[in-house]
Amino acid sequence: MKLQEIATALDAHLVGDGSLELTRVVHPRDVRAKTDLALAMDKETIACLAESGASAAVLTAGLAVPDGLLSGQIVVSRPRYAMATLTSLFDQPAHADPGIHPTAVLAADAELGDGVSIGPYAVIGPRAHIGAGTVVHAHVTIGAAARVGTQCLIYAGTCIGDRVIIGDRVILQHNVNIGADGFSYVTPEPGSVESAKATGRVETTNLDIRRINSIGTVIIGDDVEIGAGSAVDRGTVSATRIGRNTKIDNLVQVGHNVVIGENCMICGLCGIAGSVEIGDRVVLAGRVGIADHLKVGDDAVIAGGSGVGTNVPAKAVFAGYPAVPRDRAFEQVVNINRLKSLYNDMAALKDRVKALESAQKT
Amino acid sequence: MKLQEIATALDAHLVGDGSLELTRVVHPRDVRAKTDLALAMDKETIACLAESGASAAVLTAGLAVPDGLLSGQIVVSRPRYAMATLTSLFDQPAHADPGIHPTAVLAADAELGDGVSIGPYAVIGPRAHIGAGTVVHAHVTIGAAARVGTQCLIYAGTCIGDRVIIGDRVILQHNVNIGADGFSYVTPEPGSVESAKATGRVETTNLDIRRINSIGTVIIGDDVEIGAGSAVDRGTVSATRIGRNTKIDNLVQVGHNVVIGENCMICGLCGIAGSVEIGDRVVLAGRVGIADHLKVGDDAVIAGGSGVGTNVPAKAVFAGYPAVPRDRAFEQVVNINRLKSLYNDMAALKDRVKALESAQKT
Amino acid sequence: MKLQEIATALDAHLVGDGSLELTRVVHPRDVRAKTDLALAMDKETIACLAESGASAAVLTAGLAVPDGLLSGQIVVSRPRYAMATLTSLFDQPAHADPGIHPTAVLAADAELGDGVSIGPYAVIGPRAHIGAGTVVHAHVTIGAAARVGTQCLIYAGTCIGDRVIIGDRVILQHNVNIGADGFSYVTPEPGSVESAKATGRVETTNLDIRRINSIGTVIIGDDVEIGAGSAVDRGTVSATRIGRNTKIDNLVQVGHNVVIGENCMICGLCGIAGSVEIGDRVVLAGRVGIADHLKVGDDAVIAGGSGVGTNVPAKAVFAGYPAVPRDRAFEQVVNINRLKSLYNDMAALKDRVKALESAQKT
């Protein structure tokens, strides 16, 4: 691809020789050939550029390089956004053979759209439907009556349970679990958790635990992505839902009956307990936990590691354990750090009051 | 199933036409036909009932609906417990063909009980034993000399290591890992962790890390359930044990040599470090961590997100990081929230003392 | 194996009959035969020894047993280190048939070293290379152009993505995910997270989320181990790297572009966000989170459950959420626990000042 074409795709400023032919985008230290386009969009990578031998680079506006160092350069204003285009132009999609591998086990009444790729040892259940252009990698299981949309990418080892519905252009990474049973049990009489919540004490015991079966399903919207090893449990009687274009990272747990809106970003190791409702465009940083039945409003942002035990209003920024509005969380941290001096102040003030009291008595 | 039969199964009060025939239980907003039984056991779902077109519903005592709205209704006193029976009556078990799929790889000396179902591409190792009526889904691996009891459900992608012993009626969801090696290493001389624990400082370094192999196994009791992606490591020389009827959610880590009692409930993303002992009927809410070698007593309840660094007595309710008795944890939160006013009080009091001191001098 | 030979391997003191023949190492309560070597290296297991019927035991220096109880004993000075040797002498490696199982799907141009074992239904992609002596268990996927070194152990269900490079003697437990895509998205204009970080408020919204593809890879050094269900994402344009002899536990998330040094130990459920750099010999206890782009210095130790939001210097011991040096974290906990008395002190002191003020007025 020519440097000029890349600049056009990025809608960015080209300096120098636009006719350079590029075949890879790389960190400056990984430049091996004149056809490598170096990405040097921050100070650290710029510093590597001089010794890289690169002929062409993508740079950030305002971060200059010495004249003559490069034969051609592209200057972008929002480098992170440029990465979306650059990694799309030079994408290296996972290898998948076209067509249906002879070892795939397909139920007689499974329906496959045009141009699907089904990998070795994939298992597609009865009445399942897979949309056109979808790639199913090795060892994937798609359950009975499940529906997968068009142009999806389902990586190796992923399990999609019976009756699950998945939209178009969905990406499920390795070993994703969609449609396992919810974690839902009940004791004949109110049990230890109900007692602990009500009174703070354990006054009953859970001698008998009965299972509530999960007879609902999971519905996943278009353009959703779910990371390796993550799990989305099926609803109890209705559906656990993940809205259009929401992105979920690795090792995330989404409990039964949860409803997540559109365009959310949920980072690694988050745990969303049963029946939580999350609005649109919500961001959960890594390792956030949300207790069951809570609501998180649109556009809320929750900081990494937070433990959410209350509803979160729209556009709120929450942090901490228990999570509170971020300003309060920061104030708490500052106040806790000042405690040592507060204890000293208190001791000194006691002495001064004592001295005043002694003086008064005399 | 007739409404009268459902009421009898629930041991609940029937109002109206007991001869109604029902085929599904649904949320009121999902009612499509006269044969749908609406579940409207809280205020939110009751509110949906009028427009649902439902003919029959399960209601909670004390939450009335307008006369004439329904042809038949069942009134229950503990709705959550009724769900166990209702989802059992209308269960939708995962599809599994009877018998042994021709693609399953069975060791010549593996033993299978009557009526087992073995899915496509399952792999059963030498001397493994699988009890009568157990369902093994696609892509499951059962190791050499492992024993799985009767009437178990082993979902797709689950790995059961060599010599692991699993009781009867156990449910393992997708991609569960039973019997991986424990995380156990040692340095020739005391290493950085031992130094940090003893002195608070790192005074040694871990130049050489040696592996302690896990030559023990895992023993799982009857009626245990383990969620998608969870891992139970094998013991070092003896067994990691999970007691009868204990329920474990998705993405839970159970370390080597851990012993968990009966009837426990362990929610998603909990981490139980090596050699922890957990009693009977213990409840760990989501994302709880328990440090190695600790003991948690019977009937204890640990709140979500807690980090447990001490033993927990029987029947205790713990919360926080580091976890303490819940009342103290709540008091800590309240006290931290009051700090801003405390700092203000301190400043004001200093001024008043200063004024008194000035007055004294004059 | 003779007791004398075991003592020699342990470089430890032998007492009694060195000619005893031993076939298993067991906890004292599991002794079944004269050929069982009891491990009784702490007070708890020593107490079980008398009733165990053991003929031979490994003991810790300074913990005496009654004369005549055992026919032979080995006395070690560092029992945990002895376990590395003992579990190596009596190892029970996972069963694997030699050679290539007929059901394995191997690309025509995949290269296999001498003596490899490839299990049932393993799938090896085009141009993949597997080194001599490596064992690949059932249902493993190895992607196109991936390279796995010699003498590795790859357990069932593990997925290794295209172009991933894995060193020699690496162990990957069940269902490990190497080389899934990084969690990397961007909005055309600065989004809610950028706004929240800059101002504490959400002043923009993430209407359009664009994907940054992961076109880099993962490079894993020699002697690395990775636990069940863990995930290591590929880099954006370069490689996510894990250094030689680093050990990673179950259900750990390693984000894109992360660089981890040598000889680290990373315990279960840790989350390491994108572009973090971790030095050599670093220890992360369980459930630690590290925010993106941070650096953790050599030999640092981070306590369980910590949430790291700043760089961590070499040899530092950090704890807490947000994580701070351990001494400060401990001081914070103590100071918070003393708050109740501080509030009482403040109330009492106010009264005394008020009394002084009243006296002054009169």
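The first chain written gets the first letter, and so on, giving A, B and C; residue counts start at 1 in each chain.
Here is the rule we go by: a residue touches a chain if its C-beta (ideal position, glycine included) is under 8 Å from a C-beta of that chain, and two chains touch if they have at least 3 such contacts.
Just so it is clear, the model here is predicted, and its values are computed rather than measured.
Chemist: Only C-alpha atoms count here: how many degrees separate subunit B from subunit C in terms of the superposing rotation, rounded to the nearest 5?
Modeler: My answer is 120 degrees for the C-alpha fit.
Chemist: Could you classify the subunit A-subunit C contact as same or different, where same means more than half of all interface residue numbers appear on both copies?
Modeler: Mostly different residues.
Chemist: Take the average of all CA coordinates in subunit A, do the same for subunit C, and state the distance between these two points in whole angstrom.
Modeler: Taking the average C-alpha coordinate of subunit A and of subunit C, the gap between them is 23 Å.
Chemist: In subunit B, what residues contact two or more other chains?
Modeler: Residues 121, 139, 157, 175, 229, 251, 269, 287, 321, 336, 339, 342, 346, 349, 353, 356 of subunit B each touch two or more of the other chains.
Chemist: Mind listing the subunit A positions that touch subunit C in their complex?
Modeler: 25-27, 29-30, 39, 78, 80-81, 83-84, 87-88, 90-92, 94-95, 101, 103, 119-121, 137-139, 155-157, 171, 173-175, 225, 227-229, 245, 247, 249-251, 263, 265, 267-269, 281, 283, 285-287, 299-301, 304-305, 315-317, 321, 326-327, 330, 333, 336-337, 339-340, 342-343, 346, 349-350, 353, 356-357, 360
Chemist: Per the contact definition, I'd like the list of subunit A residues that touch subunit B in the complex.
Modeler: It comes out as residues 105, 121, 123, 125-126, 139, 141, 143-144, 157, 159, 161-163, 175, 177, 180-181, 183-189, 192-193, 196, 200-202, 205-215, 229-231, 233, 236-238, 251, 253, 255, 269, 271, 273, 287, 289, 291, 307, 309, 321-322, 328, 331-332, 335-336, 338-339, 342, 345-346, 349, 352-353, 356, 359.
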